[in-house]
Every structure is written in structure tokens, then in C-alpha cells.
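In this document, chain identifiers A, B, C and D correspond to the written order of the chains, with residue numbering beginning at 1 in each.
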Amino acid sequence: MQREIEELCATARGCYARGWVPATSGNFSVRSGDRILITASGLDKGKLTAEDLLEIDISGEVIGGKGRPSAETKLHLVIYRDRPNAGAILHVHSVWNTLLSGKFESEGFVALRGYELLKGLAGVATHEHVESVPIIANTQEHASLAEKLKGVLQENGEAHGVLLSRHGLYTWGKSVAEARRHLEALEFLFEVEGRRLTAGI
Amino acid sequence: MQREIEELCATARGCYARGWVPATSGNFSVRSGDRILITASGLDKGKLTAEDLLEIDISGEVIGGKGRPSAETKLHLVIYRDRPNAGAILHVHSVWNTLLSGKFESEGFVALRGYELLKGLAGVATHEHVESVPIIANTQEHASLAEKLKGVLQENGEAHGVLLSRHGLYTWGKSVAEARRHLEALEFLFEVEGRRLTAGI
Amino acid sequence: MQREIEELCATARGCYARGWVPATSGNFSVRSGDRILITASGLDKGKLTAEDLLEIDISGEVIGGKGRPSAETKLHLVIYRDRPNAGAILHVHSVWNTLLSGKFESEGFVALRGYELLKGLAGVATHEHVESVPIIANTQEHASLAEKLKGVLQENGEAHGVLLSRHGLYTWGKSVAEARRHLEALEFLFEVEGRRLTAGI
Amino acid sequence: MQREIEELCATARGCYARGWVPATSGNFSVRSGDRILITASGLDKGKLTAEDLLEIDISGEVIGGKGRPSAETKLHLVIYRDRPNAGAILHVHSVWNTLLSGKFESEGFVALRGYELLKGLAGVATHEHVESVPIIANTQEHASLAEKLKGVLQENGEAHGVLLSRHGLYTWGKSVAEARRHLEALEFLFEVEGRRLTAGI
């Protein structure tokens, strides 16, 4: 677990360096068995270390660590419950996921198709795959958001990530490394699609 | 205070690395009680250290340090007077704040609305917030600019930042960390809006 | 050889830092005489070290090292056979090569002309050169892809690189340094052309 | 002089990190009295150290150092002769200077006006300044290019830089620090203008 925790913190710091978690935004967690470690609320992700993580159980009860859980902790728990194999969850706010989630909110998903990088997503073996990333309208009512997320995860059993409109991306994986691979693949494809739309090509 | 000073210098170096203070542009200050420390004129912000700061009082009188104050020191003083809780001020020239301040100069403000990242601004609890960032026409008459800034701050008591047209952004916070959080949130949103306008989406 | 191996790994890490090999994508190899060292499948290129390389022979047989060869190892072998002077091969997935290879797939090539940076390509002495970078349609049938690549290399004896559509770039050089020079020149020009098309100028 | 040399090499490495001298492109020099130190041909600027510089005299004769002078050494000499106060010259190939020099070649100059960052150029005291950056058509005939550059420098006595079309920027200053300040100001403004044209705003 200690190695996963270090990897999670390094991933958070790397996301900050890329501008994906500005202004203390974003949150990151890792799970092993019943233990979940998650970033406390309001931290500068560019300086994240293991001491900045809270330990919680699957009901969200804080077991250890300093600080208080962020309101989005609920969403991590929904994902862990619905995706038993998920061992890590990454939530980031990038310029391109913000733009695309706003642009396609009314359609309900961003479709990524025909790109080799889709093979960066677990279980995807061909660029002919279509990845539909569901989009949920943003809200500050976190209980209702958690409910909506649960429904979206169940309706989209194959999805590797979910977008909140003009807000950010949630993605996950069996390990921190796999979650980061999904994050890098999805963000790359969001940038490609965003630039393609901009260029009109 | 020493910790705030170190944090201010690290923030300045970070801004240089992101291309937000090219060509010795930008200036940065921190206040504690009656003491104000501010970057001297004409420094390369990529190498800023505590020795590069001048100590001044609220009237702008230099109390200590090497170098001379920049002409924009006056604007820092106006902000400190009008915002008693401000403990740090950051002024940067980014590509996107330059573009948007020029584009919207005639309207008098850039409106940012509907983005989760607005919650990076102190006191903002929902993405439904509209942040109007006032824009002042640029001028080299610093006394008249200081007067205009004073008026704009008083008319926009809730604003977290002010733009000078085709020039740059002033933002502040109770601490360096909060000022940097405001800076990162505003610059992220300027980039999103700039790219959205470019894409026509 | 040891120096070339270190240079190859440093190049891979540099490509990761630039976002050109996200999500464990890309692969890199170096050849000296009959020895070929190539990245094993599925590695994070941001952490690549010499221990992550497989030794193979020109038929693709694994001689040493840990891990398994990636499916694209075949394409490296085709290039080494057809370009006897190639001592290193770099394969990257950048946003701009993904965009341009998709945009121009139906024409069969991206044409780069009139740029001084073309002189970064071996044997090119003037900006008046036209570099046609052939584009092959992407497929997961690696045997047929290898056949197509062989044909394309033979028909384009002067080419310094080959694109796979919406997938990535293969480029090579007599040494790692030359291959990296070709990579930097081609990616720079892809970005210039991509931005030029976007701007409509 | 030793400090200027170290500063020049650090500047070159910084330019590489920003993608402004890809594929061994660009060249850099510093002058003190009759001594000129200039980068030898074909070097990777990301690794530049003092040992990579040639010492030449004002006629271009090599006095010391390893390697051979690049063909563009002539252009440095023309600038040093025509601008007696120039103590350092930087030549870079950026994406935005490549795009703008191509776009405005037929007009003969890029005009930069109304931006605060213009004050990063020596002697410019107001954003109301108009900086006309002359553009010379690119050619591989370096003797004729040197002649043209000489004419352009004489006709544009106030210019802080000169563009070669689809090739790159030459800029200079009394010291390496001033030359770098000019470089950062001009490249920032090229990016702003390039993005402004792209956005159509």
C-alpha cells in the first residue's frame, strides 16, 4: 500500500505541473481492501505528500489523518462501490476536459473514436473502439450528484471515465499506474478532439 | 513573515516558468501589519529571491532593500488600502489575460460564469457564480491609473482581480497561498474562455 | 553502445515530458551491428531506464531482457531492414501528428515545404525542399501493417519519417542524436502546419 | 566575460526547454571588445556549455574553440558591426515566429502595437509604441542574406529584432540579460498576435 500511496502523491504533483489541478482543485484516492486514502479538502496538489491523505472507510467515516474530507469524497465512494476492481481514482480539471464537457453536455457524452491511443484504456484492443465518456450536469448538491453518478456508472458499465460539465473528469484503474494511464489517454484525446474542433478539420 | 516572503518568491519563480512574467514584467508583494515587501523594478522573476524585495510603507516610502520601486508600486498600495484583508498581491502578464482584456475592453469586464473552478475564489461556493473581472484601459500615467483602480475596487467590492487592458492581471488574497489560488483559478478560466472563443463553441 | 542506450532512454523520458508518449504509448530502439535493443511492451516512458530494454535479433527473436516485445516491434525490424544506415528508431504519439495524419490520410501524405527547419533532416540543404511524410492507414493487423510499411519505405526512399493515421510517427537516424533531431524537426513542423491550418493563414 | 558566457549558455538551454531551438537549430553569441564567442554549427542547444563556443574575430576568423562556425555566423557579424552597443545576439526558431514571419512576409514586417509588454524593449516607455519587426525573405545564399540584413538594419535603426521568413528571429541587447529580455518580449507578443489572428478577435 505504501508504494501505491507514494505513486498517488507523485501522480498528483505531476498533474499540478501539467496545469490539470489548478487552485487546489482535484482530488485523488487509492484503495486497498477496506482502507481508502484520499486527499483532504483544499490542498495545493503541487506539494502533495502522504501526510496530506485522510484514511476513510467505504461509508466515508474518517479513520485517520489530518484535515477534513472534501465534498467530492462521496463520488469516490460511489465509484469504489460500483467498480469493485478500482484501486485508485483520479479527478482533474483540465482546460480541454472543461471545454469538451461544456460543449457536449446536451448530448450527454463525448465520443472518442478511431484513435490508436484508445488502446491506453484497459480492455480496448483496437483503435476502432468507440469510447463514450458520459457527461453529468454539474451541481453543488452532492447527494443528488452521487445518485446520478451511480446511475451513470451502472448504465455505462464499460466506461473508463465520467465527466462533470464545465467541471472535470473522474477516471480510475485497478492501480494508480492504470488510473494514470487512463487519465493520460483520455486527456490526450480530449486535447486532440478540442483542437480538431477548433481547426474545423 | 519570513515564510510568506519565501512563498512569494517561489510563486514568482513559478509564474516565470509558466510564461506569465516574461521580460522582467510583473510584480509581487506581501504585507504584514505596516510592512510591505515588494519586488524592485526590472528584475528577472525566474531568479527572484528574498534579497530582491524592497521594504516600503503604505505611503510608498522605501524603508529598506536594494533597487528602486517600480512605477506600479502605487497600484499595490491602492489595493492594500482598499482591501484591508489583502496580505499579498500578484501581478502577471499572461498571453490569455492579454488577449481577453483587449477583446473585452470596450465592455469594461470579462465575465466568467458556470465553471466549477470559480470555487477557487474566496467566498464563492457554486459554479453558478458570475465573476466579473473589471478591465481598466491601460495608460502610463500612473497617478491617474491609481485613481481609476481605486474607483474600480470600490465599485466592485466582490471582485477578486482587476485587468489592465492588453497589459495584465492584478489579483490578491489574505495570504500568498490564497492569492496564488486566485491567480491559478482566474488564469485557468481566461484560458478556457480564450480557447472557447477561438473554437467558436 | 552503452552511451547510445543511455541516450535512447533520456530521449524517451524527454518525449514523455513533452506529452509525446502518453499512457505508456510509443516505442524506442537502437541498433549496433546485429544487436537491437527495444523498449518492452507497456512501459511508462517517463521512467525508462536501460533495464527496461529487450535485446532482440533482426528476426525479432528475444535474446535478453525482461518483459515481452510490443506488437510494433515488427515495424522497427522492417525499418532496420530497409534503411541499413538507421541506428535508432523513435515512435511517438503527439497531438499534432495525430491531427495531421488524420486530416491528410486520404491524400496519403503530409507535405512540409518552405521552412528553414527542414534543414534539420539529414541531407536537406535548403528550405526549398519538400518533405512528403507518407501516411499509412492504421490497423491492428501487424503483419499486413509491416508489409505496407515496407512498401512505403521502398517507394519513398528519401523519407525521414512515416505516419500511421491517427496513431503516430516513426522516424529514425544513424544515431539516437540524429533520430531525435529528425523527431524534433518533424514535430515542430507538424505543429506549425497544424496551427497554420487552424488560423487559416 | 566568463559570467556573460555562462549566462549565454543558460539562455540557450532555457530556449531549448521552451521548444524555441529544436533539432540543433538556432545560434547564440556574446561579444566583449574584439572577442566574439558563438555557438559552433550543429549543436544540441539543450546541452550547451562554454566548451561548445567558438572564439572568432569581427571578420569571422576562428581564433579558438572546437567545431566549425555555422553559415549564419555572418549574420551575427553584420549585427555586431551595425549595432555597436550590441553585446549579445540570440537567434531562435519558434512556432509563432515561424507562422507570423510567413504570414506577413509580403508586407515586409510584423507590427506590434498597444501592448504593455512592448516596454520590455530597451528605450520603449509606453504601450502606445509601434514596434515594426522587419521580415527578410529566407535564402540559403548567406552572402546575399548578410547584405540584405545590413540594409534592413540601417533602414530600421530603432528595430529590436529582425525576422527571416518561415525561419526565425534575430534579436540582440547590450548584455545577454537584455537580449533575453528582448527575446521574451518579442516571442510573447508573437504568440499573442498569432493567437489573436487565430481567434479572429
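One rule holds for everything that comes next: contacts are C-beta pairs under 8 Å (C-beta built on N, C-alpha and C of every residue); 3 or more make two chains touch, one makes a residue touch a chain.
What you see is a predicted model; the values in this text were computed from it and never measured.
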Each chain counted as touching chain A and chain C at once: none
Where centres are the averaged C-alpha coordinates, which chain has the largest centre distance to chain B? C
Over half shared numbers or under half: where do the identical copies chain C and chain D land at their interface, same or different? different
I'd like the Å distance between the centres of chain A and chain D, where a centre is the mean of that chain's Cα atoms. 44
Note: chain B sits from chain A at a C-alpha centroid distance in Å of 31
Chain B: which residues touch two or more other chains? 198
Help me check something: in the complex, which residues belonging to chain A touch chain C? 114-117, 119-120, 125-128, 177, 181-182, 184-185, 187-188, 191-192, 195-196, 198-201
Complex interface listing, chain A residues touching chain B: 19, 22-25, 44, 93, 95, 98-99, 102-103, 138, 140, 164, 166-168, 194, 197-198
